[in-house]
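In the two complexes below, chain A is the common chain; its partner is chain B in one and chain C in the other.
Then we have the complex of A and B:
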């Protein structure tokens, strides 16, 4: 693995250089205090130090609202939308975000692969960047370090304000072809970046905690505070549930079918014809959300389906914290174990 | 034969029906599907029977009650149009005060000349088949319902909060900008029109089914407004639905 040093002031030049491969998407400032992934128009606008974007990178592979097909009621015909394969560079991506794309690949491509997702993933290149954890990041607790480089073609590790660029794949090598502003260097390990938020157990132990947490009192406590806005799941990088709706034009001759992100935290999510609702109470929905992250898929794949980005916590208007819920479950589990052992 | 459509107004600003006359580009397409048979703001004709009657406004006097019963008897489908008709809207704020006090404030010494009732949703008096929410309802929302009825389909129902559409637009949460917003408990379908331009949600589309009101008051007060102010904001469009 090659490693080069790059001055912070030369990063815009690097962005312009990789732009020769294809459209570059990178984090930009949004609103008063937020960030979002946008197409780069001016490489000087790209933000290198950001905590997290409002929506995850997922939005570019599985758009929030997406037209699936046009149809004609008059001719009784339909025309599915097929996206074109376009080379793109995703720049300034954090390690947990990349891990979420790899998990999303599993969800969207195993079994019957989703063709438009697959086409958007083709020819995509990822350039990672290190970050300084804030009070919400907890990805270390789910096994993802700041410098986790799986999935990236290049990775920029911040060292003393400047960067060390790791070349990880042949694709990364090609992106750098002809770029002269870097010097070969020895990789350094950065010690001082520490996670402030942690789950108390190693993630390997969580499935066992969840095995016994189904009837825990913790769910009711959370449900009491939850206002059911769905922000946690709608900003989650590994959630992929959607709703499909048809819309007909005013002339009532043709229309389109579109898909939009849905959320299991919404009352209507598990409602079916006839008015039955499988998860009518907030307590059922909160529990389901956590089980989707730490039990159901984890049992099959051996990995937590949470990447520790902290979005669900940072964007919750009620201040409900996912790692705090898990820590509460752990504490309850320890108490229950103690009581079981005392009884014996 | 095309469905015979009529519009009626009760206690309201009449804005929801007035914006039907602003369809402009779509008006001719709409009239391909329906016959307009009664609409006080647009024409003089009257009719005996209506396939679809659109009702704007809340029911707030004995004469309103009589008239809405008459319209219901002569209608096949009845649709409540806008916040006032759906749940009483802002009119229902008067229900929070003793009715005599309200009459005196509005009519002074002549209060005995004007019979009044608490402002009620249309559905409190007669059967309502469908509703279009909002203050005012959006034209798009109205068109979706009309087209669905013309095609004989179920109109779309909105059961998700405003936050959903706000998140799909990737808006910065107004709570992060120091505002207090009713988005989490307010029924969506408006494409988060207000939060998308930086105005907090005032709840004009009414409450979700089973909203967590205590949790919401906690959220609002923890973002810097008093409990009294939080309750007032919640009541603005929901006086008939919220018991605080």
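Then we have the complex of A and C:
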């Protein structure tokens, strides 16, 4: 693995350079406090220090609203929508975000592999960047370090204000071909970036905690505060549930079928025709969301399906914190174990 | 973990495009239910197993998961029976012979027939639950010598809501079918059993080691039927249930049909009772 030093002032030049491969998508400031992954028009607009974007990178692989087909009501026929494979570079991606894409890959490609997702993922290159954890990041607790480089082609680690560029794949090598503003250097370890938010247990102990947490009082407490808006799942980088709806034009002759992000936190998510709702109470839904992140897929794949980005907590209008819920469950579990052990 | 490098481009499928099928026959069989016989575009067979479902699609309205009601042994066409209970199904009400309906599927796991051969089959159908079970019943009848007894328990709210009346008469007339029908509330012409479906179970004489039960009905029914069968000492692994959920995509992606961590559209809709017993959201 090669490592080069790169001045902060030369980063826009690097962005321009990799733009030769394809469209570059990178974080941009939005308003005063928010960030968003956008197509780069001017490489000087790209933000290198950001905490998190409002919407995760999944929006580009699994669009919030996606047309699946056009149809004609008159002829009762449809025209497929072709997704074009386009080379793209995703620049300035944090490690937890990359890990979320790897998890989405599993969700969308295992079982029946979905072609729309697959095509969007083709020819994509990822350039990572380190970040300074704020009060919401807790990815270390779910096994993802700031410098986790899996999935990236290149990775920019900030050292004393400038960057060390790691070349991780042949694709990364190709992206750098002909770029002359870097010098070979020795990799340095950065120690001062620490996570402020933590889950108290190592993540491999969490499935056991969840195994006994199904009837915990914690869920009622969370459900009481939850307003059921679905912001946590919409901003979650590993949530992928969707709804499919038909839209008809005013003339009622043709229309389109489209899918849009859906949320298991919304009241009608598990409702069927006739009115039966299989997750009727808020307590069922709040529990389901966390079990999706720490138990169900985790039991099969051995990894938490939460990447610790902190979005669901940072953007929750009711101030519900996912790591705090998990810590509450851990505390309850410890109490229960203590009572079991002292019972004579 | 499935990685993108593991997927070859030919494996990635267009999962959401329907196949346009032609309505060959359609008939409103009760006040609420309509029966359809559908033909695939090139007359090919659907290739389903008993208990599987399809996504039925009407452009401008959407899609809904519907059980296949015919036996796989009928070639060329397949049958659906749809209760008019939601937006899509109320539109499908107007579909007649010659109309086209979009179909995706068949999806899910049906009955594991290899485990059912040689067994006594006990059908427990509540209301519209007879629709998917009819696929199994007719499969057993088409291969009658491969199975032991065929016991059918069928309950409906009123005599007017009984489905497939002609077939019920045929089954009643056969010596190799034991049919027991009950209604919650009879009318002046009703001479049969009244009461909920579980009232039919205590009187059954079952051979416990060879009987396999297949249950489909409204969500509220399952617990009580399972309790009655267990009080007859029927082992858990000889009970199969077909569960209703909102199977929107049918391909294990959209998330609506999850029962705890299990995708009903992938692992079900037909489950062995042993497999769903630990799932708190199942029954």
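Keep this in mind: the second predicted complex is superposed on the first by the 343 of 344 C-alpha atoms of A that agree within 3 Å, B and C clash if a C-alpha of one lies under 4 Å from a C-alpha of the other, contacts with A are read in each partner's own complex, and residues count from 1 in each chain.
One rule holds for everything that comes next: a contact is a pair of C-beta atoms (placed from the backbone, for glycine too) under 8 Å apart; a residue touches a chain by one contact, two chains touch by 3 or more.
It should be emphasised that the depicted structure is a prediction, and the values quoted were computed from it without experimental measurement.
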A:315 contacts which: chain B (first), chain C (second), both, neither?
first
For A:271, using the defined touch cut-off, is the partner it touches chain B, chain C, both, or neither? Pick first, second, both or neither.
both
Touching partner for A:234 - first (chain B), second (chain C), both, neither
first
Touch check for A:28: first (chain B), second (chain C), both, or neither?
neither
Thinking of the overlay built on chain A, is A:301 touched by chain B (first), by chain C (second), by both, or by neither?
second
Give one of first, second, both or neither to describe whether A:88 is in contact with chain B, with chain C, with both, or with none.
neither
Residues of chain A touched, compared between chain B and chain C (which is higher)
C
Based on the superposed arrangement, let me know which partner A:248 touches: chain B (first), chain C (second), both, or neither?
both
Going by the contact definition given at the top, which residues of chain A touch chain B in one complex and chain C in the other?
245, 248, 252, 271
Taking the touch rule as given, give the residues of chain A at its contact with chain B in the complex, in rising order.
30-34, 36, 54-55, 59, 64-65, 224-231, 234-235, 245, 247-248, 250-252, 260-261, 263, 266-268, 271, 282, 315, 317-319
Quick check on the complex: what are the chain B residues that touch chain A?
26, 29-30, 32-33, 143-144, 147-148, 150-151, 156, 159-161, 163-164, 167-173, 175-177, 183-185, 208-212, 214-216, 218-219, 222-223
In the complex, chain A touches chain C at residues 68-69, 71-73, 76-78, 80, 102-103, 105-119, 121-122, 214, 240-246, 248, 252, 255, 257, 259, 262, 264, 269-274, 276, 278-279, 284, 288, 291-292, 295-297, 299, 301, 303
Inside the complex, what are the residues of chain C that reach chain A?
1-4, 6-7, 9, 11-18, 20, 59-64, 85-89, 99-100, 102, 219, 244-246, 248-249, 251-256, 258-261, 266, 280-281
